[in-house]
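You will see chain A twice below: alongside chain B first, and alongside chain C after that.
Presenting the complex of A and B:
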């Protein structure tokens, strides 16, 4: 089931915040539209997520709707960012929370026109922040106290460590050597307060 | 779920000039199929000189840029012990993240390095032949000789084709 609500992003060229649509439960058609328009711009770039196929990722939601949820941010009729989260079966690694369940962000990406590794002057800012906020909110609503975790692609490591203030738990040798990040309930509360 | 957020929260938490990349998820090199990774790694054990060529290429490229192992590890944001393993352990297969970080810093082809490092299976016979010649040209690693430099430049040229 799809549910829409109000969210905000910052439009860099117009230098102002704009109202956008937050979508819980992006449907197959909108995922396919996003995949098509993003892929056209990403295919010849060195972006680290250039080869992700969101149609395949959507299939995970279709096959296991209780375990996966997909969220999106839409503006000007275009998907500005997508996030696939895993809501069950993932547990904290951070010492103080070890073994407690968390919301795991399986994939998170902005549209290529919002990404500095694709174009010099990205359009919308805040896509990552708003989607991370959504993951924290989901964790709180699922009574997981705001605990979230993710594996960052190399180019985004400093964003999660320095900007989102998540705990860097180092390289995960079992997952392509990507660095793994997590938040404690305190870190999530601080993130939500801003 | 309805998102609960305000304009004020966004503006308070946003650095308008910040253009940080935010991607999270599994690794995505063009030829790396996550589901087949283990199979590919197993197959990579049979690629002969390709993996040793990777270590030698990294070592010579580093020295050609005048970088110490510590400096390269720092610039590529990888562990020093992994870099040492790459350069000195002939059949060491590094993590995909490490390969891509090194490709960026050393300005080498990410896809070719994925093949050379054994993360994806090389089907390029010319690349395999080139790798064999490159490894065979190995002499001392203490100093980059003229021949080593030529061998390195020829091999890098082949990578960019």
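Presenting the complex of A and C:
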């Protein structure tokens, strides 16, 4: 089921916040469109998520729609960002929260035209922030007190550590050696307050 | 937000104790625990349906044991 609501992103060229569409439950057609348009720009870049195939990721949602959820941000008829989360089966590693369930962000990407790694003048800013807020909000709605976790690609580590103020729990040898980040309820509350 | 429906569950004392223990350990309401369980059950069955297997692996010994799901 797809639900649409209003969100805001910062338009860098116009230097102002603009209204965009937040989509809870992006459908297969929109995921496929995003994959096609993103891949054209990403395929010859050094972006670490250039190889991600969102059509394959959507299949997870199709098979187990309660455990996986997919969210998106749409503006000007284009998908500006996508996020796939697990809503069950992932548990906290931070000592104070150990063993408690959390929302796990499996994949989060902004469209290539919003990324300074891909083009010289990115268009929208704030995609990651809006999507991570949505993950925290989902965690709150599920009684998980705002707890979220994720493995970060190296290019995004500083964003999660410095901008989102997530706890860096170090390299996870069991998951491609990527660094694992997590929030406590307090950290999530602080992030939401912004 | 999606419409919600209410249901009544009949449980034995042992089942209710197990549910309450999970609520304490995970810091969740009974409804939230049951939702988590349903999500996991759906996920596991989806993976099994496409031919995957479910294993537990001991963190230290790497010993694996397959779990059979009905």
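The rule we apply is simple: the second predicted complex is superposed on the first by the 194 of 194 C-alpha atoms of A that agree within 3 Å, B and C clash if a C-alpha of one lies under 4 Å from a C-alpha of the other, contacts with A are read in each partner's own complex, and residues count from 1 in each chain.
Please note the rule applied: a residue touches a chain if its C-beta (ideal position, glycine included) is under 8 Å from a C-beta of that chain, and two chains touch if they have at least 3 such contacts.
In this text the structure is predicted, and so the values were computed from the model without any measurement.
Student: Now for A:100: first (chain B), second (chain C), both, or neither, which partner does it touch?
Tutor: second
Student: Is A:66 touching anything from chain B or chain C once the two structures are fitted on A? First, second, both or neither.
Tutor: Only chain C; A:66 stays clear of chain B.
Student: Chain A residues in contact: does chain B have more, or chain C?
Tutor: On the superposition, B touches more of the residues of chain A.
Student: Which partner chains sit in contact with A:158 here, chain B, chain C, both or neither? Use first/second/both/neither.
Tutor: first
Student: After lining up the shared chain so the two structures overlap, which partner does A:89 touch, if you call chain B first and chain C second: first, second, both or neither?
Tutor: Once the two structures are laid over each other on A, A:89 reaches chain C alone.
Student: Touching A:7 in the superposition: chain B (first), chain C (second), both, neither?
Tutor: Only chain B is touched by A:7; chain C is not.
Student: Look at A:145 in the shared chain and tell me whether it touches chain B only, chain C only, both, or neither; answer first, second, both or neither.
Tutor: A:145 sits against chain C, while chain B stays out of touch.
Student: Which residues form the common part of the chain A surface touched by chain B and by chain C?
Tutor: Common interface on chain A, chain B vs chain C: 3.
Student: Residues of chain B touching chain A in their complex?
Tutor: Per the stated touch rule, the residues are 1-7, 9-16, 18-30, 34, 37, 77, 79, 94-98, 100-101, 110.
Student: Using the touch rule from the top, collect the residues of chain A that touch chain C in their complex.
Tutor: 1, 3, 63-68, 87-89, 99-101, 142-145
Student: Can you check the complex and tell me which residues of chain C touch chain A?
Tutor: Touch residues, chain C against chain A: 1-2, 25-29, 32, 35-36, 38-40, 42-43, 46-47, 49-50.
Student: For chain A, which residues are in contact with chain B within the complex?
Tutor: That would be residues 3, 5-10, 12, 15, 17, 22, 24, 46-52, 84, 105-110, 115-117, 122, 125-130, 133-134, 137-138, 141, 150-160, 163, 171, 173, 175-179, 194 of chain A.
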